[in-house]
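Each of the two complexes below includes chain A, the first together with chain B, the second together with chain C.
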Partner chain A sequence: MEALKNAFDFSDQPRLDLTIAAGVALFLLTFPLLPVSAFALATMIQFFIFSLYGMGWNTIGGYGGQVDLGKAQYVGIGAYTTTILLIRWDIPFWFSMPIGVVLAVTWSFIIGYPLFRLKGHYFAIATIATSLVLKDIFEVWEFVGAARGLEISPIEYTPPDFLRLIFKEDIYYYYVLFVFFLVGILYLNWFRKSRLGYQLRAIKDNEDVARSLGINVHWAKIKTYAIATAYVSVVGSFHACYIKAIEPEDTMSLDISILIALMAMLGGAGSLWGPIIGAGILIPLKSYLKEWLGGVAGLTGMDLILYAVIIMVISAKEPRGVWGIVERVRRRKQT
Partner chain B sequence: MALLEVDNLSKDFGGLRANDSISFRLAPGELLGLIGPNGAGKTTLFNCIAGKYPVTSGRIVFDGEDITALRAHEVARRGLARTFQVYTAAGDLTVRENVMVGCFMRTPSRRKAREQADAILTDLKLADTADLFVSELPVAAQKKVTMATALGTRPKLLLLDEVAAGLNPGEIEDIMASIRHINDQMGIAVILIEHVMELVMRTSERLIVLDSGRKIAEGLPEEIARNEQVIKAYLGERYVQEHGGEGM
Partner chain C sequence: MEILASSIVAGLLFGMVLALVALGLTIIFGVMDIINFAHGEFLMFGMYTALLTSQALGIDPLLTLPLAALVGFLLGIVCYRGFITYILRGPMIAQLLGTFGLMLLLRNIALLVFGSEDRAVHQGLLVDKSFEMGLGIIVPATKLAGAGLSVVAFIGVWLLMTKTRMGKALTATALNPQGARYMGISTEKMNALAWGIGGASVTVAGALIVNFWPVNPYVGLLFTMIAFAIVALGGFGSVPGAFAAALVVGLITEIPGFWDFLTYTLEMDWMYDVPMTSFKYMWIYVAYFIIMVVRPRGLFGWKH
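Up next is the complex of A and B:
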């Protein structure tokens, strides 16, 4: 009960922020009812998806300071679990999603145990490697469709199918995700002020001091990594039902892992609203850039150049992202 | 029964013997000062006791349990807390939140951790800084926050590593009062590494002197002040020959 109360406790947030958040929530709630294009709606769905990925990343990467560049493997585990269970045994989303979480979290424990013996850049590189290895395995594994991937064919179901999350119109997906989005925020709000959340911030600051306060540093990181993984896997499962065709190359690629980390870092790693701000800036930008420039020969890689520029600017100017700028301005006003 | 029993503890770093067969005992509630020139092995001894370094040989018994092989977080959970020499406190957490991290060792509840943290902050006269970020405080207050955080784990023994370094006389008085409060009112045993002689002589019930990794003396503060070997260690052989060991 106390945990539930704490999840809804935003009392440490400035009133202005909460007003803005409420305004944004209201906007998101009514957005599909406005006369918007299908493209805009699809972009917003991507915004939710990457916000949630970013929130997950923010637990271990932001509050914990462990730069994880291998989250795509868990998108894959979630997406593949849901697709395989659906097309082979007709197991619907609401059952396959938790199974996907269990598998993803189990996998995260197996690789997290050795990974967290590493620190800093070595940890980051190792996370990339594990993710790419899993992708390579999936590309040759016939059971999961190898490099061709798997497809959910919507003709076999009668949409709207809320149990299997098979819909014709994006608006259904939009609202299901909106609920996930709100739950994701509440969980993150609980997490950041939970025992583990505080311990993680102490670890980020100084591991020796954290140990002297009775914190099992290695285990705390593994646990948080599992939480981040659960977020990503849930959304991966959703993604499979939404996109209906998955293959290793687009569910588990390095791009996805980097984009996930980038959302949170651009918005503000280790802050409650950071991942949402990051996704809110980056996803529309990416989506529309692709739309405008994608057709022009020789400009297809523009979005990648954009990420590179963002990474450079963040690391040189403001490691705490957009939220870091907001806080700096606030502190200056106070004094 | 002794609260802490260190038995022939040695610690090597490669070819360097940083601690050489050190033995001592500490009674529950005692306040022990640990002094010695720079490089004597004081902080290494703390690190061995607190489980940061594995010992080369010897035995450490805390509260009736052999903790020699335990890791730092396991030692902490048994009631042995410490502060660090150079570390201040997590700058992006408030003072209260820093202390709460300590309290979370014994309770998973945010509400309880907060209540306990506030009580400790009141005890150490830090209550009015609770909502400030640690980075906004002067160094003396930051040092007290690290003590408060360690106290959050509700230890039986607190190891303080140079909490008074770099402070002015007024701040030293204040820290001394806090240490006495922790020892007398809270009943927590304390081992104090300190270079500020005035503080260590006035607060400690008993002193241990290390030099080049060895324990060279142990006794009451006034005995130590007159101990020839200690004066040699601090001021050199020639000083003692010229002045005939007249005390510090």
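Up next is the complex of A and C:
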């Protein structure tokens, strides 16, 4: 009960932020009812998916300061678990999703234990390596469809199927995901004020001091890594039901891992709203750039060139993200 | 046994080329503690340089090596002056994502300019020729020449790093940038130089690899990951370590082929479904992971 109260308690945030957040929430709630194109709706679903990934990453990468570039492997575990359980044994989403989380978290403990003995660059590259190992295995493993991947054929089910999360119209996916999104924010709000949340920020600031204060640094990192994994795996499961065709390349590639981290960094790692701001800027930008420029003959890759330039400018000029700018402006006002 | 011997020879030869690929990465890391995701893209530009100039001028790709080195040197300096110098002071995540952005940029420029299709060298002095080394070991001439020239280039860079005044300044910058600055070494210049040398050595490696490996704009990432693994195995910043580790990695990529050969000749039919060759790059990452966890400094590392 106490935890629930804490999750809903946003009173430490400035009133301005909360007003804006409420406005955005209202906008998101009514968005599909406005006359918008199917493309815009699909983009918004991507926005929700990636802001949830970003929130998950933010626990370990933002509050904990551990640069994790291997989150895509858990997207893959979640997505594959849901798909396989559905097409082989007809187990619905709401049962397969927790199973996926259990599998992903177990795997995260297995590799997290050795991983967190590393620091800095070594940790970052090791997370990439584990993700690539899993992707290579999935690309050869016949049971999971090897490199061809798996497909959920929607004909076998009668949409709207809320148990299996098979719908014809994107609007259903939108609202299901919106609920996930709100729950994600509430959990993160609880997390940042929890004991583990404070321990993690201490670790980020100075690991040796944190250890001398009696914090079990290694274990705190592993636990947070598992939380981040759970977020990503849940959304991975959802992604499988939404896309209905998964393959190792588009669930587990390095690009996904990097995009997740990028989202949080652009918005401001280690802040409550950061990943949402990041996803809100980057996802529409990416998908509309592709829509406008991707199809133009002779300009193949032009959208990705612009995207790359944006990444480079952000990391050179404003590595603390949008939230960093906001905080700087506020500090200047106070003094 | 002949198959094993030829796997080992092929692995060692490929490893020698990989050593040159990893050399640039280890120098850059050693000097300024930055991981360069765009490393494989430098290699890709080296491959295109060699391929296109040799086709345009009708000369052998091996003669384009100096041009490839020049392209790589300039590319390295431009990337450093234009971009890397701005992200050096930022947090680590900005450095990682920044070089990732550089990688995307270079890759997609290549896509825009060269197109997405595979291209390969079809004409040249060495193409389609092979040497018999005894014991039934047959080595393609392109790979033999690639390995030999890689070793020459590797030793050249190593001598440059250890024997010349400039190389010593570079090493000093790597060991202690502040101390080096007190001694009157311009560390900013040394950083740019490290990028130049790193870029040049990897584009030369690319120009050698293009003789036996088709090139497309997406070829870079695999080599980036292999180079990361080599640098980590050999110890970040260690030049001799990179060479030894590259040989190990070369063997790791070639031995699975021998294993598959065994499963077919010994009729171990339970192994038929999972050919080891499809895992050959996975073993590199596994080896990297194990070494990192057991011995984070790498096999010969000095920096941590």
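Please note the rule applied: the second predicted complex is superposed on the first by the 317 of 335 C-alpha atoms of A that agree within 3 Å, B and C clash if a C-alpha of one lies under 4 Å from a C-alpha of the other, contacts with A are read in each partner's own complex, and residues count from 1 in each chain.
Rule of thumb we're sticking to: contacts are C-beta pairs under 8 Å (C-beta built on N, C-alpha and C of every residue); 3 or more make two chains touch, one makes a residue touch a chain.
Because the structure is a prediction, the values reported are computed rather than measured.
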Once the structures are superposed on A, label A:6 by its partner contacts, choosing first (chain B), second (chain C), both or neither. first
Is A:213 touching anything from chain B or chain C once the two structures are fitted on A? First, second, both or neither. first
Report for A:205: first if it touches chain B alone, second if chain C alone, otherwise both or neither. first
Who does A:194 touch here: chain B (first), chain C (second), both, or neither? first
Determine, for the superposed model, which of the two partners chain B and chain C contacts more residues of chain A. C
In the superposed arrangement, which partner chain does A:326 touch: chain B (first), chain C (second), both, or neither? neither
Who does A:312 touch here: chain B (first), chain C (second), both, or neither? second
Just chain B (first), just chain C (second), both, or neither: which does A:125 touch? second
Across the complex, what residues on chain A touch chain B? 2, 6, 193-195, 198-199, 201-202, 205-206, 208-217, 270
Where on chain A is chain C touching in the complex? 61, 67, 69, 114-115, 117-118, 120-122, 124-126, 128-130, 132-133, 136-137, 139-140, 142, 254, 258, 261-262, 265, 269, 299-302, 304-305, 307-312, 314-317, 319-320
Provide the residue numbers of chain C that touch chain A in the complex, in ascending order. 29, 33, 35, 83, 86-87, 90-98, 100-105, 107-109, 111-112, 115-116, 217, 221, 225, 228-229, 232, 236, 273-274, 278-279, 281-282, 285-286, 288-289, 292-293, 296
Would you mind writing out the residues of chain B in touch with chain A in their complex? 50-52, 71-73, 76-77, 81-82, 84, 87, 90-93, 97, 100-102, 104-105, 108-111, 113, 149-150, 152-153
